[in-house]
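As written, the chain order gives the labels A, B, C, D, E and F, with residue 1 at the start of each chain.
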Amino acid sequence: MINLINSIFRKLTSPTDCLRYPFVKRELPEGTRGRIDIEIDKCTFCGACEKRCPSNALKVTRDPKSWTLNPYSCIICGYCIEVCPKKCIIAHKEHYSPNV
Amino acid sequence: MIRRNTIPFGPQHPVLPEPIQLHLVMENEKIIQALPAVGYIHRGLEKIAEKKDYIQDVYLAERICGICSFMHSQNYCQGIEELMKVQIPDRAKYLRVIWAETHRIHSHLLILGLLADAFGFENLFMRLWKVREQILNIMEKTTGARVILGVCAIGGVKRDITPELSEYILRELEAVEKQLPELMDSLLKDYSVKQRLIGVGVLPKDKAHELGAVGPVARASGLRMDLRETGYAAYGDLDFKMVVGEAGDCYDRTMVRVKELYTSLDLIRAALKRMPQGPISVAVKGSPPADEVLARIEQPRGELNFYIRGNGTRNLERFRVRTPTFANLPALLHQLTGCELADVPVIAICIDPCVSCTER
Amino acid sequence: MLNHVSEITLDQISTEVWKLKQDGYRFVTMTCCDRGESHDILYHFDKNYELKHLRVTLPRGTALPSISSLFFAALLVENEMKDLMGVQVSGMAIDFQGRFMLAEGSPVAPLNKSIPGIGIQIQDKTPSAPEGTVKS
Amino acid sequence: MQIQESLIALLVLGPLVFGLMMLTGIKGILRNAVVALAGLVTIGAGVALPFYSGATAPDVGLPALITTAGNWIEPLVILTVLAIGFSIRSWPVRIMALIQLGLCGAGLIMARHESVEETKLVVDSLAMIMVLIVSVIGSLIALYGIGYMNVHEHHAPPTAASNNRFFFVLISFLGLMNGLVLVDNMKWLSIFWEGTTLCSFFLIGHDGTTEAKASARRAITINVFGGLAMSLGVFLAAHTAGSESLSVVLTKGPLILLPLGLFTLATMTKSAQLPFQSWLLGAMVAPTPVSALLHSSTMVKAGSYLILRLAPSLQGTPLAPIIAIAGAFTFVVTSALAVGQSNGKKVLAYSTIANLGLIACCAGIGTPLAYAAGVTILIYHAVSKALLFLCVGTIEQTIGSRDIEDMGGLLFKMPLTTNVAMIGMASMMMPPFGMLVGKWMAIEAAVRNPVVLILLVLGSALTIFFWAKWLGRITTTSYHETYTIETVSPWMLSVLALIGTGVVAISVCATLIYAKVIKVISLATFGMDTCPGNISILDSVHSFLGWPMYVVFGTIVLALLAGVLLFKPSQIRLPFLCGENLDLDDHSFTFRGIADTPTSAALTSYYLPLFEESKITSWGNPLAALIILSLFGVLFI
Amino acid sequence: MTVVPKFNKSPWVVHFNCNSCNGCDIEFLACLTPLYDLERFGILHVGNPKHADVLVVTGSVNHRNARVLKNVYDQMPDPKVVVAMGVCASTGGIFADGYNVLGGVDKVIPVDVFVPGCPARPEAMIDGVLKGAQVLQAKHSGKTPLAEKHVLTRTPTPVDAPAVLEKGASHA
Amino acid sequence: MTIPTTPLTLVLAILVAPFFGALLSGIDRRITARAQGRMGPPILQPVYDTIKLLRKEPILLNRMQIVYAYLHLLFMIMAFLMLVFGKDSLMFLFVFAFSTLALVLGGMCVRSPYSRIGSQREIMLMVAYEPILILIMIGFYMVNNHSFLLSAPLSAARPMLISLPLLFVAFLVVLAIKLHKSPFDIATSHHAHQEIVKGITIEYSGPHLAILEIAHFYEMALLFCLIVLFWASPIWIGLLLASASFFLMTVVDNAFARLTKMWIFKFMWTSVLLLAMTNVILLYWVSK
């Protein structure tokens, strides 16, 4: 107890540990998997990503050519990135942002 | 004259972030009988696993539970590797140990923090979780995610730990270890904490064995039982001392976890030091044969069992998950009987319950 | 690859389990597997990290005797089997009446396979019919 | 003068006469009418008495014949006791009665030579207050009894004695009590004392069940023991002081320590102080009017009355502090006992004993303030406790249980009775009701004696515990219940309403009662000269009884208004049951439990094992006995 | 430095875990701890629906917890806001085709904010709760439309295609 | 020195007290947060909370709840005024106790198990600390020439603390209970959510909960003033003492686990009571 009281006073006199998130943004490490996106012009619409996505978050159509991601299904596993033959799917560092 | 009181404890109850109902029958506040009602978090994961292919199942297995998610994927991959007779590179084994042990640390810190919250020690809870964030930083930096890592794959692992990262890890571990003694003293030596833990929820050794308790719960009761001793992954090459208690009360369970924090820290350091160079994965071709396997590893909460049965296709025939909490539930019911209502949260948290993996 | 699997019959269960208990084995868990005509029931036991398994082939419609009086811990997994596989278990210490894992509205015995030849049809997310497996 | 005497005659003899009419075997409406008449007459006489006598009425002299008559009536009464001793085959009663008979004889022989003293009636304020309590509250209980016993007749056990005999005893009881408080002659005091014992014996045994019989037997054994102490005290006092007049004897102070001790012992048995409490608890088996009567206005109050009478003489004797401690000890132990009870009547019983202990304690402390506190408690307790017993009786007749835990939702089932009961409970513990004022004065008075102080302080904390539990229970309501109209006999209902109003009224008039009665009595008893701080302390009581009192009442009214005005039925939601609520129409709080089965949640109040009856009495009674022994021990030091 | 728009100053939160794998749960708990400290915004984790303004749900809905979720929601006093944390709560996520999974939280109760991610990062959760607080503030005055789940569609048009999500994904 | 009871002071006291209490509670939350390494809410957060609650939909279980909530508040205000204007101390305690009792009854009058558990526990706490409070008043009485008036300590020559050191310590324990601080936070606190969710207040919501909050602000102000009485002249020492005590409470809260009700009961009726009794008996002995 005594040592905790000690450390309580230490905490009281030192700056907070808080990251102050919305005001200050954290430096995210390299390789962080955030939101998934595509460099659409490289894509061949082969559909490999759609087939492998464990969460059925992707929809690829050849005609018309479109690649659709449902961020509310994507589990950010990165499997699509691995399987894409063109390596055109990318994971941004920052997270998907909630909508209203 | 004393009468029976009946109350539901859960599913929406702040002390249990997970939905489970304990049906408590009490005399005044003394528990006479406790029964669990589960199923609030049953997703039918075993069936989903049969529908997805066996590689997608790695991601599914990770989401059996988010706390020691890595170990679920590790156990699943080890099971499939055994089934398909794949030999993975040594470096991958060491990497698996490193991530598994960081997971153990984060899980133990988490539960110790929740335990502190359960007996109303908010300060300690906050401080422990603050330390835990540093462990999460290690995971984020090495794998790209904070809790569900997604680095384990059939045939090895997906990411490597470079020498720079290794140094970073050692530095962080150092910082974590520096903060621990003060907090651990509060957990183990503080008068008020001891009042709440010692002699509470006693599980004698023979009862623990009979009820099939596993993990820290079993070890705190004096059972020597830690699957890491069987030497899966790289544990065979690494030394560690199993922590056992004797009284089998909440205090001993806490003590076991506290000491295991240090064991895990040492294991990570040793693994980082002795990790051989080489590839981190091998390519795996084909599908799991029509055979069955029971894969087991030691999770933070105890022994995890996956029964995996293939049928020669990319889909599994049967995937069954028996998690440590499932094994510890009967022991929990035994401990709850006769305790005070005030001790219910403490005892419940002390078995480190994870309902989501229990119900899948 | 399970080692040490002994195939036993239905009526040997309690004696075999009792023997293992006397030998100081710990009950690990049970696994049930739908094999079409029958259910495969596996009992897993452990002693000093050595696993021992008992396998019982349970024809459909046959009740499995509970071992919860020998190992109380088996109670949970037996109730779960009853819910998810539709296996009838007799003599459980506490019977959750098919409401252990599943609730009103859940499908019946969802972990069984849909094998058309045998006539077991498992539908996803259908409102529940009364207890038991659906047989045509 | 004439009027005063006839009023007194009406008060003492009237009930006896009406009682005897019962024995003629009248039935039905006629019987009810006679009981009602007896009650009303007694009430009238009781209320009229103070108006005609004023605060300081002169004593009323009685012819010497009465004194002589007393000499012969006393053995008669004792013989009755002896007869009972034989009929219930109780050796202790027989032996004690025989000893008493011996004493009687000895007294007669010794008194031969002396001239016959005049018997007088002392009509001072204390006596007047008692008369008021006995005749008003007691009669009201009798009126209530009319309605109650009609129902009781139907489902009482076949062994029960006839209701006529019941009312005979009940009504006569009032006369005896009036006599007891007014009479100054110790012989007569003894007679009335034994008379109340006999009455209570018959009333407790009324139902004739094994349990009732056992209780009656216990009651008479203990009370005859008290009667013996009384006789012995009277005998010794008379011979030490050379007079049979209590007022004369009491002026003798230290000379009569042993008789004083014996008198104290007698009061303790009568007011069921530890370790003699068991008879009063046993008395619970009797029909409710009996319990109400025994607890509020008669019987146990005889003990309190006598100890207050003795208080001035006790002052300065070594007995006083011990009596204070014994009283405080009873207070704290019985309060603890009440905490462990879920039987409503038992809670009431223990609370009665606790308050009687408090009165005894005040008498022991013996300062003007303490005395005033004692009298305050005496008055307010009688009214509130009568009310509560009658309420519990009514509730029991309706729901068939006297268990507190069965009383949830009563507010809807029997709104009137429950509201009245709530007032009664509030009046036992909350500001601004009189009981709290009394307790407060007692604590302020006890401040000079740390041991008594701590006991009182602990006791009053425990008091909160059991009242709060009960009050919380009866105000518990579910979310979709509706009011029902209760069907209770008009006799009972009107008496409840009357006493309920009375409780509020005497609390509202607390200032007046205090200034006009209590303070006056206290000052008259002790005189101004006892100590200088007296007056200022007594006056400081006004500081509370003034405006805060009305603010408190205003506050309560405001809160009730808020409840009426701010409540909209549309805002009602289900209680928190961890999300598993089921909205069934059975008024219970049901949740989906194991295997989805609807389960009823239940939470009763706590009756902690710490406060178990057997546990507490096992050390409380011996300790109390020890304290009483020390009462006599000090006489020899 | 982002300027946080006007939000309710005291949104008390009750958290209910439906079918969550704990990943989102522990991340939400982490939001209360020193590094993220939700109490800065007056947010208290109250644990009791009757005191709460914001219901944070993690995990998808199954047959048994749906009724609990409904009860919890019903016991909250108006105005109230529901925040669905993680993809499970939004759509069912990886478990969406499980036999016991009904789908996202919006199958049972109206949802005001969806927070994607598996698990959603604490930062995303803070964003989500603050958005919830904004909605709460708006609800004090009048009704606001419920949230919709936008998908990100990319088509190979030469110039940068307008993506539906772009507005929402503001931190890019 | 007493504050005269004029309409102006009356209104002032009624208006200022809750803000003062809210401020105290805001500071408390802030310090708690800082002790844990967090930033914590704005100081005025309790005010925001209360305003928000007042604007919410009032839901409840039955009518009695409202009555008890208002009784709680009104009696609390009354107790506070009795303290400020120096009325009789024992009566003040009774009114204060009844205020808490109204809260307890409010928790008991609903058919909700958690609420009832909270109430039962709160009664046990009351039974545990009431004697101590009474003894403190007795201590005041003895030091102040046999005056039970709460205004007496204000004009006393010697600060109460010097004669009543042990009683002050006992009072600090009571303070911890009244402020729902660890290790005593078993009944009402929002910190006791681990066992009984919110205890007594669980079934209150919206404006009715706000009433309880406001009452609690009064209670804080009341307790603060009570500490000031221990060192009333010069009054700034008293204010300092009170602030220090409140700060101490926050620290203690952060350094303890919650203990169980029986432990508290035993602790209060043995150690703390003994402490208080010792002080009273010493006074008694000295005055003889």
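Definition applied: a residue touches a chain if its C-beta (ideal position, glycine included) is under 8 Å from a C-beta of that chain, and two chains touch if they have at least 3 such contacts.
Source: prediction; values computed, not measured.
Novice: Counting one step for each move to a touching chain, how far apart are chain C and chain E?
Specialist: 1
Novice: Identify the chains adjacent to both chain A and chain D in the sense defined at the top.
Specialist: For chain A paired with chain D, the chains in contact with each are B, E, F, in label order.
Novice: Minimal path length between chain B and chain F through chains that touch?
Specialist: Counted as steps through touching chains, the separation is 1.
Novice: Select the chain at the greatest separation from chain A, using centres from the mean of Cα atoms.
Specialist: Most remote chain from chain A, centroid-wise, comes out as D.
Novice: More C-beta contacts across D-F or across D-E?
Specialist: If we tally the C-beta pairs in contact for D-F and D-E, the bigger total goes to D-F.
Novice: So which chain is the furthest away from chain E, centre to centre on CA atoms?
Specialist: Looking at centroid distances, D is the chain farthest away.
Novice: On a C-alpha centroid basis, what's the spacing between chain B and chain D, in Å?
Specialist: 65
Novice: So the centre of each chain is just the mean of its C-alpha atoms; given that, what is the distance between chain B and chain C in Å?
Specialist: Computed value for the inter-centroid distance: 26 Å.
Novice: With chain centres defined as C-alpha means, what is the inter-centre distance between chain A and chain F in Å?
Specialist: About 49 Å separates the centre of chain A from that of chain F.
Novice: Would you mind pulling out the distance in Å between where the CA atoms of chain B average out and where those of chain E do?
Specialist: Chain centres of chain B and chain E, defined by C-alpha means, are spaced 27 Å apart.
Novice: Counting only residues that touch at least two other chains, what does the list for chain D look like?
Specialist: In chain D, residues 573, 576-580, 592, 594-596, 601-603, 606 touch at least two other chains, as defined above.
Novice: Among the residues of chain F, which ones contact at least 2 other chains?
Specialist: Within chain F, the residues that touch at least two other chains are 35-39, 57-59, 113-114, 117, 193, 197, 202-203, 254-256.
Novice: Mind pulling the chain E residues that touch 2 or more other chains?
Specialist: 16, 33-35, 37, 40, 46-50, 62, 64, 68, 71-72, 75, 93-94, 97, 99-101, 118, 121
Novice: Which chains touch, pair by pair?
Specialist: A-B, A-E, A-F, B-C, B-D, B-E, B-F, C-D, C-E, D-E, D-F, E-F
Novice: Under the definition above, what is the set of chain C residues touching chain E in their complex?
Specialist: 101-107, 110, 122, 124-125
Novice: Can you check the complex and tell me which residues of chain A touch chain F?
Specialist: On the chain A side, the touching residues are 1, 4-5, 8-9, 11-12, 16-18, 20.
Novice: For chain E, which residues count as touching chain A in their complex?
Specialist: 1-2, 4, 34-37, 40, 83, 87, 90-94, 96-97, 104, 112-118, 120-124, 126-128, 130-131, 134-135, 147-156, 161, 165, 168-172
Novice: Where on chain C is chain B touching in the complex?
Specialist: So the residues of chain C touching chain B come out as 1-2, 24, 26-29, 31-34, 42, 44, 49, 51, 53, 71-73, 75-77, 84, 94, 99-103, 110-111.
Novice: What residues of chain B sit close enough to touch chain E in their complex?
Specialist: Residue list for chain B touching chain E: 11-14, 17-19, 39-45, 47-48, 51, 59-60, 63-67, 69, 110, 125-127, 129-130, 132-133, 136, 146-148, 354, 356.
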